[in-house]
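Following are the structures in question.
Paired with chain B in one complex and with chain C in the other, chain A is shared by the two complexes that follow.
The block that comes next holds the complex of A and B.
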């Protein structure tokens, strides 16, 4: 059974660490965040002993990209989006893959997508009619760019997404605090469309050389485009292979890319199961190791924090005779 | 040493206890060994009456003599057979003693009737607990009907229902499955031990990477997408042009959407969407035109019917005058009808006025 990620002891904690600062370690009975929005009802349904403190200017438009396909962008977008909604923030998740959309599958909303951004542009529906609200977490809404059979005009794509984000921002009652954009693979028209309205980026990569090279290229393009706040999530980490020196460690990855760490997600078979069920990983009870890691990454994203220590698997300590008795 | 002692050399055996053992030779019960010891075991005591197990031993050490062994080898065959037989007898005897030492099962059960009662009581209690738990679980689920499954599947909101309790969300940084090592940075999770390694990336290293990438990757965001072969507009930066191959599916997409209209559609917050409204209006116009055509057809039919009835009512006019007048009227009627048809107006009052003239 996969184990959840730990938090570091207080002795090693710092304001920008796996754990928040020691001040925040004290359990606080924060008042529930009540708004006259769909999220308020959800907030009332949850009891948190503490919540993350939102940093930065809202709405925070975050693009989740990687360059290489299959590293876990959509999984990351879905799980972080659900985590943010559970924290009580109003989130709009945008699937910017015009040809091959998948975010609706991971969220379990595939049967409810009737209108997309293309229909909004054509005038077939309004923007609020194209947003699909998750009934489990009403503060999360999904917007798909287009259906597989329809195509977004190329000259339009970047402008269209920028108008969409701007229109969401200008909504009087339910302006989102986070807009997560699931970027398609590659650095082509879809990538250009997805990064157009973003002002920060989450780069998802795996500890293999092909993904790292593509990630480095994408990082360079993002920086050329003016996006400087780029954080990294290293996905599908196998601590046993790292210990056997068959896989690059997270520190090696960071040394190659030179990016701050937002999260480290261990390899977990529950990811596939959650994809099949349409039930994001972070909702599992008891939590899985990858689900807990996603929640922690979402927490750091909210507080604009980064990791300052990573886990390295070691040989378990040999137990003596008296360990049976608790010694 | 006598030959008998030399004949029975089986085990170099030394007993811990200074006891006397009886040695039997092939001829009889003779105790002729100077060094004799006896094993006093309970096995012997039990079987004393029945058989006498024979333990043929000799003391290790001085008694052993290689020359003696060689002598025994010459005439040792009957001696060996006798020894094997004695071994078997000994083993059988010990087995019988073991069996006889165990009390019969029935006696044991009868003896331990109190513990049997306790065991039965424990089993009955366990069954009772299981049954009670099953009943409690059924009762608990009975209050939640199948609608609870809809809540669980996300079809219905749980916060509106009285059956659901607020979910308690654990802090992801404090988890009961994690055990911290005391005084060190070790963490134990589900049988695996981890060590925390601090991140070593500094701000200087980050800036070095950024400079490297800025030298390696030069890129401007494309704003214009052109098919291969199309000319570049004069006021467009060539670096912002993205060329699409002519056979690419995106190249065949016709952008027939007006940009301004599209922007307006995105920002629309209330009312009917643009295309839906436009289609509705177009449909309305079409229906109106269809209705007007239908009415005109009806009017044309009515006019024909009216002319048939027109002649009997024209009594003031001569028959000779009637014909050219009638033809003229007919022509006039036709002309008016035609003019009405051309204008597309279905004015029943004008028709009735004309009818009144005749």
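The block that comes next holds the complex of A and C.
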């Protein structure tokens, strides 16, 4: 775990999450051996290498799905995966889209994918040869299902993916604590394959009516499959449109879908830039708004916490020239 | 509908209160008036508000704008001129800038776009579509529902014709999805009809004969109902 976490996420964390330690609030209660010069007492009060407490049984197999395409599943998987690796957890990110592969592009690892899960199943290579380790954060590994140039990858079904996840789980060294499965768009065979090994789901949606309808359908399918723990991330939120009542607010979305909220990611042009560079958004220094939101969402995912949406304040009425007329 | 037109206008004017934030007061009063006017005269709603008519004619600056949300047919022209007087009295009491802004607002009414904002439309549509998606039932299920209902009801009633039984799925803004099954019934099966046995032993008539003060007896005859054995 190389870089120290900035202290900004603490201050911005949701009102729902409880500050775990009183050290942050009362510097004078520091233990003696930590006493430093009075000038740095406040900075010592912020613990720089805080880690979230892992909740739930390991490994946590989480599928990131959405139904509708293009809402930000792969971006979410990549950024949350990197955030988790930065916190120090062992993460395996699986790109469960057998035909069209994108997670490697977002992580910047597309040149290093030599073997895929199909070859592991065929016996051409070992499992750890198919796992691509990230150079910056070695606790993150990527697994792709198949090479895009091969013909229709028949035969990679739910059982195969479940086998792969079990093989990962039973690795003697460094069994992963998190397995993030990036689900393909749609609700057909690829979706059914991806959700088969999962215990929890993160539903990514945007506040527009098409995505919400599909998200609702996917929620029904997930619950049918037995995945009860579904949390929602609302992506591409534009607070200016919400204030102008042109876009549904996050409160409306929560009311309509009835799912617990894991995070709200504002629309940020940095997403496109970071995709183009192959450098995940959360690693940007200085951190961007969307990056911070992803990191908070990852924190909540680890601690199995949720957030509550708040109402966007109405902007104060602009005082125009004729304001003394009350207009 | 000249009267209703004027009432709308008066509602707008009279809702102006120099101290209140103007825009929300305007839109809410318009909406209230519109609702009342559409319902015609609804006596139960009008009468409690009727006593509030007094304050405007007294000419105080504290107007309760809600008192003007009253249906059209009940008000007479006398009351309307009372409102106009009250309004004029208030207008005279305002200072120059208040009157100027009132005039501005009358001449250039602001768009009340809040009700019809895109977000609200989207939310409404989404609600309807989610209801219909969640509760959409297949054809096979529909037939089974109809058959089960016919079977259960046939125990109690004689159904007119099995083909005429219909299942309707509709959405109601308050209840959400509503499933209604329409069953034409010929008559109730005899064993479930109100039977005459319930009336066995009930008294059907009393005759009372007073035989006078001399004898100290009274003759009373009770008639009981015995269902005749068919």
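We take it that the second predicted complex is superposed on the first by the 255 of 327 C-alpha atoms of A that agree within 3 Å, B and C clash if a C-alpha of one lies under 4 Å from a C-alpha of the other, contacts with A are read in each partner's own complex, and residues count from 1 in each chain.
Note that contacts are C-beta pairs under 8 Å (C-beta built on N, C-alpha and C of every residue); 3 or more make two chains touch, one makes a residue touch a chain.
Computed from a prediction, not measured in an experiment: that's the story for all the values here.
Once chain A of one complex is fitted onto chain A of the other, the partner contacts of A:242 are limited to chain C, with no touch recorded for chain B. Once the two complexes are overlaid on the shared chain, A:55 sits clear of chain B and of chain C alike.
By the touch criterion stated above, A:216 is placed in contact with chain B and with chain C alike.
By the touch criterion defined above, A:307 reaches chain B but does not reach chain C. Residue contacts after overlaying the shared chain place A:208 against chain C, while chain B stays out of touching range.
Using the contact criterion defined above for the overlaid structures, shared-chain residue A:272 touches neither chain B nor chain C, since it reaches no partner. Of the two partners chain B and chain C, more residues of chain A are touched by B.
Shared interface residues of chain A, touching chain B in one complex and chain C in the other, are 216-217, 220. Those residues of chain C that touch chain A in the complex are listed here as 22, 97, 100-101, 104-105, 110, 114, 117-120, 122-123, 125-127, 129-130, 133-134. The touching residues of chain B, counted against chain A in their complex, run 154-160, 164, 166-175, 177-178, 180-181, 185-187, 189-201, 205-206, 208-210, 213-214, 216-225, 242, 244, 249-250, 253, 255, 257, 259, 261-263, 265-271, 273-278. Contacts from chain A toward chain B in the complex involve residues 1-4, 6-9, 11-12, 18-20, 25, 41-42, 44-50, 86, 108, 120-129, 134-136, 138, 151, 153-156, 158-160, 163-164, 166-167, 170-171, 189, 192, 195-196, 216-217, 219-221, 223-225, 239, 251, 254-255, 257-261, 286-287, 289, 292, 295-296, 299, 307-317. Remark: chain A residues 208-209, 212-213, 216-217, 220, 242, 244-249, 252, 256, 322, 324-327 touch chain C in the complex.
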